Amino acid sequence: MKKMLAIFERDIALAFRAGGGAINSVVFLALTVLIFALAVGPDRARLAASAAPILWTAATLAAMLSFDSIFQADFEDGSLDVLAEATESLGFVAVSKAAAHWVSALLPLILATPPLAVLLGLPAAAYFPLVISLAVATPALSLLGVLASALALSLRRASILMTILTAPLLTPAVIFGVAAANAGAENSPLFGPLLMLLAAFTLLFLIAMPLAAGAALRFNID
Amino acid sequence: MTDGTKPSAPAVEARDISLRRGGRTIVAGVTFAVNPGDLYLLHGPNGSGKTTLLRALAGFSRPACGSLKRAVGRTILLGYADAVKAAFTAKENIDFWGALYGAAPATVERAISQLRIFPFLNQRTGTLSSGQRRRLALCRVVISRRPIWLLDEPTAGMDAASVATAVDLIAGHCRSGGSAVVATHEALPFAGARTITLADAA
Amino acid sequence: MAFDLANPQRFEKLAARLVPLLTIASGVTALFGLYMALFDSPADYQQGDSVRIMYVHVPAAWMALLCYSTMAIASAIGFIFKHPLADVAAKSAAPIGAAFTFLALVTGSLWGKPMWGTWWAWDARLTSVLILFFLYIGYIALWNAIDDKIRAARLAAIVCLVGFINIPIIKFSVDWWNSLHQPASVLRAGGPTIHGSMLTPLILMGAAYALGFAALLLVSMRGELAERRIARLEQAGRPPSKATVA
Amino acid sequence: MKKMLAIFERDIALAFRAGGGAINSVVFLALTVLIFALAVGPDRARLAASAAPILWTAATLAAMLSFDSIFQADFEDGSLDVLAEATESLGFVAVSKAAAHWVSALLPLILATPPLAVLLGLPAAAYFPLVISLAVATPALSLLGVLASALALSLRRASILMTILTAPLLTPAVIFGVAAANAGAENSPLFGPLLMLLAAFTLLFLIAMPLAAGAALRFNID
Amino acid sequence: MTDGTKPSAPAVEARDISLRRGGRTIVAGVTFAVNPGDLYLLHGPNGSGKTTLLRALAGFSRPACGSLKRAVGRTILLGYADAVKAAFTAKENIDFWGALYGAAPATVERAISQLRIFPFLNQRTGTLSSGQRRRLALCRVVISRRPIWLLDEPTAGMDAASVATAVDLIAGHCRSGGSAVVATHEALPFAGARTITLADAA
């Protein structure tokens, strides 16, 4: 536990250091929204209609892009060996890393969503469901990211492969996430159940992913 | 688990192990045991498999055949990569290691002074010279207080004074009941060390 | 049986004998099936003759799922028992599965134009099959991206097993979401709801596809095994170093 | 010239190697389309309306994400020093790199656009203008990318900063690009002039960017 | 530009130069000239500025004061980073260098045989051992056929046989009218080398 905490704290510190990457995903989100808004042009109604989908798309993409960095730097500079040796359980390392990733990459993303939603002209009633659905679904993304990053280690810079491999696993979160956000916005009774489904998905990943990531790391360190 | 007390059985014991990489057998028929107090020098030409062997002893890869027994949590490997975070200062790196290995502040301070880290303690490690960074990397090994040190060219890039310090540290560690396996191309002045020589069959 | 197969030499012998048998069986079944499908079965009262795409589409879709399941089982065996033949089986099944998935997508798409008025819709069944296709591609790419066969096998097995989540999603997507695609009428609890005159050719075609899959799998496994033997021979030129302890 | 060709060929070879990244951007594009389509849901009309903007957004983002890699690997493994020393003119290195980047990262992107447009239900008349506008505008992106990547070298993994710096320079390309694509789709007489504008933009970058990138590299190598 | 013929004036000449890094002056008052045939050994403790000085001589950074004259396109630096593409085989790396420096096939082949690259010529360099990779890195210097070699710990991680080869190569290069500045902590057996020693003032 102490070791997990130490790793968590170190990762957070590194992420918020210059060149860290804590705000990378926020910038990416903002940029996507900006470019999309520019591309759609001045038609505000059309923009508002696409607001929830584009935010969800951008958030998912931002998360996926940050996966790469979860283990890469540690692998390259030899730190991953150190973590493996010091803890003798890569599963725990994976959990610490996922937690640090969520706090440093995805939490800022969630916080950045409401202001961007304003820019896109999303109706006010839709903010809260959007943020809640993101908050419930994103931990699953971090957990998935740990596996993706662990798998990609021996593939130097092969973010493609990682993307192909993770996309299938992440689509359920997107489908249910957007559905939940929409249901909430329309005050539909499905909002609760859909959130539960998202939560169940996150829990499933919480069990499966660290195990799988630990195994992947073990083979990649070899 | 991470203390320096003497274990009773050999903590690492290799019996006729072979190691493979990329479908090729790199080393074959390695047999030896690391007992408390043992110091092995690992010699051999480039590409003979020293690094490969050390990584197997550290538990990072499994032998293709033969038996390798190792007590979990007793070994520590110093590889080529210094495992130092470039964005952190030396101090921050050391503090992290302290937390990771649960080291007492006194241990940490002693290691800092022995390895003369002080002059660049608050410098970003990305800007250190190669020898300075190597000293910092060795600092981690000392801080870990694990009994079996597996060192892959620990003195690479160090100046004469630092080499002497490293040799003293390793010899001292073994005198006080620890043990070490040191892969090196240099003629390090260790008294009473045993050698493992890997010879290219080709 | 399992132990017989686990020995590569014995596997070689068995495969050499099975491949022609399976190929012939598959061809004959396919001929019968196609005859019945094209000439000896009724046009649908709603769909007309375009219903005949079904006999290509549905078995292809079944095989897409079956191949993946085969891969998952082989991967699990390879991961747990570390048997190279299981790794080879998983690796060899992937391109075949990808081809069947592609066929299901293309035929489905061709069928979709007359039936739903569009080639493609972002509906749960179609999307999840597309994702299955990506999964196959990713799996194949993973094998190709790693030189070390053992590491590649273990990592690919992890991917395959984790990706298995997608299979139930595909299978039950039509029941869970209200989808354009029609619900299961053959492989469903409570028995098939499709008429016998269509069912028989469909089953025949399914059998032909499955036999063909088995033949292709064996051929491709033999190829992979031969490749590995060659790689071993190439490496034999550089002997290992020997250790002396003094 | 021979040296420039050697560098170009090497970069292409590396990009198409396993773990290279030649198809990274295509995968990213496909993924964006996939996630966006899933997020929008089954409403085909709404999807078709957003087709051109989302494709342009995704293409721009894919290009920006590939910027990072232009010099990064060479910097880390010491090859950039070698290139600098061998050519003694970093501007030429930058030109080779931009060309290789366009061929390996952006050309596949352009080729992948039409099939994805089909999936999004873009009207057939709009394909050609979309592809043409991309083909004219993307070299500017590669040239910009060389500068961005050169600037980002000393900021390890600081894709944020790079993003912030390049976004303003790249918005004109997006705005005119989408405008050209739309004009072409609607058979408007503005199609030609807009394309010319895009081309002018690309030419401007062809002169300015290598110089700027060379200077940035010189400072970052020190 | 890339030939090995003798220049008439010193191709590199440093007069009382000081070098700064991160706001600190690392070395001050260095004066020397590299003439054809010269071999300098650059000594000094860790962090004394050997790497910094070599990079300045290679033209990668400018001295804060003093004058540094260097003929463009005549120097070649071998740094710590081996500048080898891990995804390429040794052969592919060498071919690229050949194209980059416009080297004749004969030059390339001689370098390959001198440095014993052959055993791993078609191996992905990401899987080479550290000494093998260092040998490959040195191969680039030979292939470049530039007259002034700036070598930063060229023999790091090399076995005894490879060190001897490297020493021979460097000595031979200087005998035939080239010159070299070699930063090293090892006692390399060069006959008639001059030394530049950087001493820590601290």
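A, B, C, D and E label the chains in the order they appear, each numbered from 1.
The criterion applied here is as follows: a residue touches a chain if its C-beta (ideal position, glycine included) is under 8 Å from a C-beta of that chain, and two chains touch if they have at least 3 such contacts.
Keep in mind that this is a model prediction, so the values were computed, not measured.
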| item | value |
| --- | --- |
| Target chain B, source chain A, minimum contact steps | 1 |
| From chain E, the most remote chain by mean C-alpha position | C |
| Inter-chain centre distance, chain B versus chain E - centres from mean C-alpha coordinates, in Å | 29 |
| Euclidean distance of C-alpha centroids - chain A vs chain E, Å | 45 |
| Inter-chain centre distance, chain C versus chain D - centres from mean C-alpha coordinates, in Å | 37 |
| Centre-of-Cα separation between chain C and chain A, whole angstrom | 32 |
| Touching two or more other chains - residues of chain C | 127, 145, 147-148, 238 |
| Junction residues of chain B - those touching two or more other chains | 21-22, 44, 80, 86-87, 202 |
| Residue list for chain A, restricted to those that touch at least two other chains | 18-20, 155-156, 158, 160, 164, 167, 171, 175, 222 |
| Chain C - residues contacting chain A, complex | 124, 127-128, 131-132, 134-135, 137-139, 141-142, 145-146, 148, 151, 154-155, 158-159, 161-163, 165-166, 169 |
| Partner chain D, residues of chain E touching it in the complex | 55, 58-62, 72-73, 75-77, 79-88, 92, 96-97, 99-102, 140, 144 |
| Contact footprint of chain A on chain D as seen in their complex | 18-21, 23-24, 27-28, 31-32, 34-36, 38-41, 46, 49-50, 52-54, 56-57, 60-61, 64-65, 69, 73, 155-160, 163-164, 167, 171, 174-175, 178 |
| Contact set on chain C toward chain D in their complex | 118-123, 127, 130, 144-145, 180 |
| Chain C contact footprint on chain B (complex, rising order) | 18, 21-32, 40, 44, 48-49, 194-202 |
